[in-house]
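Below, chain A partners chain B and then partners chain C, in two separate complexes.
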Partner chain A sequence: MNAIQIKNITKRYKDVTALDDVSFAFEFGKIYGFLGRNGAGKTTLINIIANRIFADQGEILIDGIPAKENMGVHEKIFCMSEADLYDRDLKVKDHFKWTNRFYTDFDLKKAFELSEKFNLDTNKRFKALSKGYQSIFKLIIALSLNVPYVIFDEPVLGLDANHRELFYSLLLKEFENNERTLIIATHLIEEVSNIIEEVVLIDKGKILVQETVEELLEKGYSVSGAAQEVDRYCAGRNVIGYDELGGLKVAYVLGERTVLPQESNLQITAMNLQKLFVKMTEKGVGEND
Partner chain B sequence: MTELKSAVLYEYLTKVRAIGIFYLIQYSIVALIFAIVAICTEGKETGSNALEFSSVVFVSVIGVLGYKEDFKALLQNGYTRKYIFGATVCMFTLLAGTLALIDTIIGNSLHYFNDNYFTLYGGIYGYGNVFANWLWLTALYLMFCSLFYLAVLVINRVGKTVSLLIGVVVCSIILLVIALFQFVFPDELVSKTWEFMMKAMGFMGDGTTNLFFPVLSFLVIGVVFGIGSYAVIRRTELR
Partner chain C sequence: MNVNPNIDKPIFIQIAEQLEDSIFTGVFPEETQIPSTNEISALLSINPHTVLKGMNVLVDEEIIYKKRGLGMFVKEGAVEKIRQKRQSQFYEQYVLALISEAMKLQMSKEDIISLIERGYNNERHSN
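Showing the complex of A and B:
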């Protein structure tokens, strides 16, 4: 199977369970949004996939090959990490050259071209770069590597709006030119909602949802109107959260939309991905299902 | 193997600059000391001997950095712990060999031009065999690299408090063993142990010197530290 298969992964830190028997797959040829709140277990899982930490139980397979301590997956996956793991004293251009030696399919020319696009000074040492440019440097490496699976952990951390736009457009262009799996772990859900095809939502170490963006958005809707009327409508329905402003109330509901009676003053609108994410992780959709 | 070669080159070549700076600083200071002492003693004294000690300190620092910097960087680039360990051992060997070569050449040259300067090796075994000098220094530096590599891995694994406790326990054991040899163990055991240690350092019972034994002793100790390091690193997680 061409995929990153996550099988029954459990990771505990003393009495905290960071990942609890997590099983799912990132299939080849898709752009995934790997979403979750702080401490949900995103980075822990990414670190296990990247062989940086070990799972207490379970295994990761990349195209059927066990990922744990296996150089056989070296040319298959790259994880751009939020943490700074690079030698801080090396110049950017030297990092590019070393990455070119570490991997058989790193496009050095492209790395320098992207640096120009992002105005990254390749003669600077890593430690001399601002937080934003450190992220850009890591993004450029990830974008210039031709491996089937690329994971971006908080890719736009510290980037200004222009650079974020440039990154998203380059990412899409990259995907069009060279099909592979791109996994974006981020908090900035609205920004990536137009890019990602499928969402994996993790909360408290468990996978809440894995669905396409379309399917996910069809799962829920919001109902707004006078508080009493909204409450009446919501009775018996799977409501995952409310927002209130004065006498106006908005309810976020999971389930099929029903046609409102003509005399109703309620309004039904589609939920956006960020709102759905916030409401799901506030309450935990598993508790409702 | 290409990946291992790249990792070894990365670990080694990123240290070359540090080696250059280290020698530049060391010999600038040494030249100044030599000049001052030479003026004061009309060239009879050198002011410092056995500069290899500073290289021992330097390789110990490299032993620590071998984990701190390179482990993270290679893990980021998809390397397994087995490969990282292999690359680090190769880097230590190359580095120890390079430093030993520089120290052997410079130390013997200084001694050649000024009899009052003693190298670490020459002070113990004499100046008859430059190759043995280089090999001995290489093994010595390698042993210290391995020791500090193991130490930093253990500290990273168990944390500062437990590491301090381990340090206290190790120091206590050393003091206890010394006391036991001095006051408790029978003279015969003490003398046989002393004889064994002298042989391990190449000084044979018949008054001859075996230059191979000390190299072997350092390498055996280094391998023991290396095995310990591998046992720790294979379960080490990124922090």
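Showing the complex of A and C:
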């Protein structure tokens, strides 16, 4: 199977269970949004996939090959992480050269071209770069590597709006030119909602939802109107949250939409991905609850 | 072109509608090429699979077609096809919505008809 398969992964830190028997797959050829609140377990799982820490239980398979302590998977996966794992005294151009020696699939020429696009001075040392440019440097390395699986952990941290747009468009270009799996872990949900095809939502160490963005948006909606009428409508439905404003009540609902009767004064509107995310992780409800 | 993630309509449908509108208004004339999935995807920052899904709606409706190795082209007769489709949707999309709102406002059928006539008169004067 061409995928990153995550099988029954559990990770505990003292009395905290960071990941609780997590199983799912990132399939080849899709752009994923890997979403979750702070402390939900995103980075822990990414670090396990990237072989930086080890799980207490379970295993990761990359294209069917066990990832744990296996140098072979380095040609398959790259993880751009939020933490800075680079030598701070080395110049950007030297980082590129070393990366080129470590990875057979690094495109050195592309790295310099992208640096020009982002106006990154490759003669600067890593420590002399601003927060935003440190992110850009890491992004350029990730974008220049021709591996089938690339994970971006908070890729746009500290980037200004222009650079974020540039990054997203380069990412899509990469994806078009060279089919692969791109996994984006981010808190800026609305920015990526049109870019990602599928969402994996993790909450309190468990996978809450794995679904295409389209299906998810289809499913979540809000109903607003007079409190009593809203309550009547919501009876028996999967309500994930309420907002109230005087006599006006807004209910956030998951499930099939039904056509309102002609005389109804209720209003049904769509929810965007961010709103859905906030409501789902506030209460921590799964779709079958 | 522009998509709005906040309205209650899937992005691929929005893309199909906007391409259709551009074809209808002559931005992309018949038998000419429309932008590629790649270009639209990069321009609007939208997943290329979503863009492709939107294009396939128009392929299914025989408004555009794929020229092997070249890209998507507007089909001959596409404009007329779109016109017919929209005319047949006119009743459901506009007339029914108009009546429903009019009833909420307790306006009579005669009120509506006179408003329509007023609209046509204004249109004539402004032209």
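Just so we're on the same page, the second predicted complex is superposed on the first by the 286 of 289 C-alpha atoms of A that agree within 3 Å, B and C clash if a C-alpha of one lies under 4 Å from a C-alpha of the other, contacts with A are read in each partner's own complex, and residues count from 1 in each chain.
Following the convention adopted for this analysis, a residue touches a chain if its C-beta (ideal position, glycine included) is under 8 Å from a C-beta of that chain, and two chains touch if they have at least 3 such contacts.
Here the structure is a predicted model, which is why all the values come from computation and not from measurement.
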| item | value |
| --- | --- |
| First, second, both or neither for A:74, with chain B first and chain C second | first |
| Chain B versus chain C as contact partner of A:90, first or second or both or neither | first |
| Which of chain B and chain C A:197 touches, first, second, both or neither | second |
| Contacts of A:16 with chain B and chain C, given as first, second, both or neither | neither |
| First, second, both or neither for A:102, with chain B first and chain C second | first |
| Chain B versus chain C as contact partner of A:173, first or second or both or neither | second |
| Partner chain(s) touched by A:161 [first = chain B, second = chain C, both, neither] | neither |
| First, second, both or neither for A:272, with chain B first and chain C second | second |
| Contacting residues of chain C [partner chain A, same complex] | 3, 5-12, 37-38, 41-42, 44-50, 100 |
| Interface residues, chain A side, partner chain C - complex | 30-31, 165, 168-169, 172-173, 175-176, 190, 193-197, 214, 217-218, 221, 262, 269-270, 272-273 |
| Touch list for chain B against partner chain A, complex | 2-3, 6-7, 9-10, 14, 69-70, 72-73, 75-83, 234-235, 237-238 |
| Chain B partner contacts - residues on chain A that touch it in the complex | 47, 50-54, 69-71, 73-74, 77-79, 81, 83, 85-87, 89-90, 98-99, 101-104 |
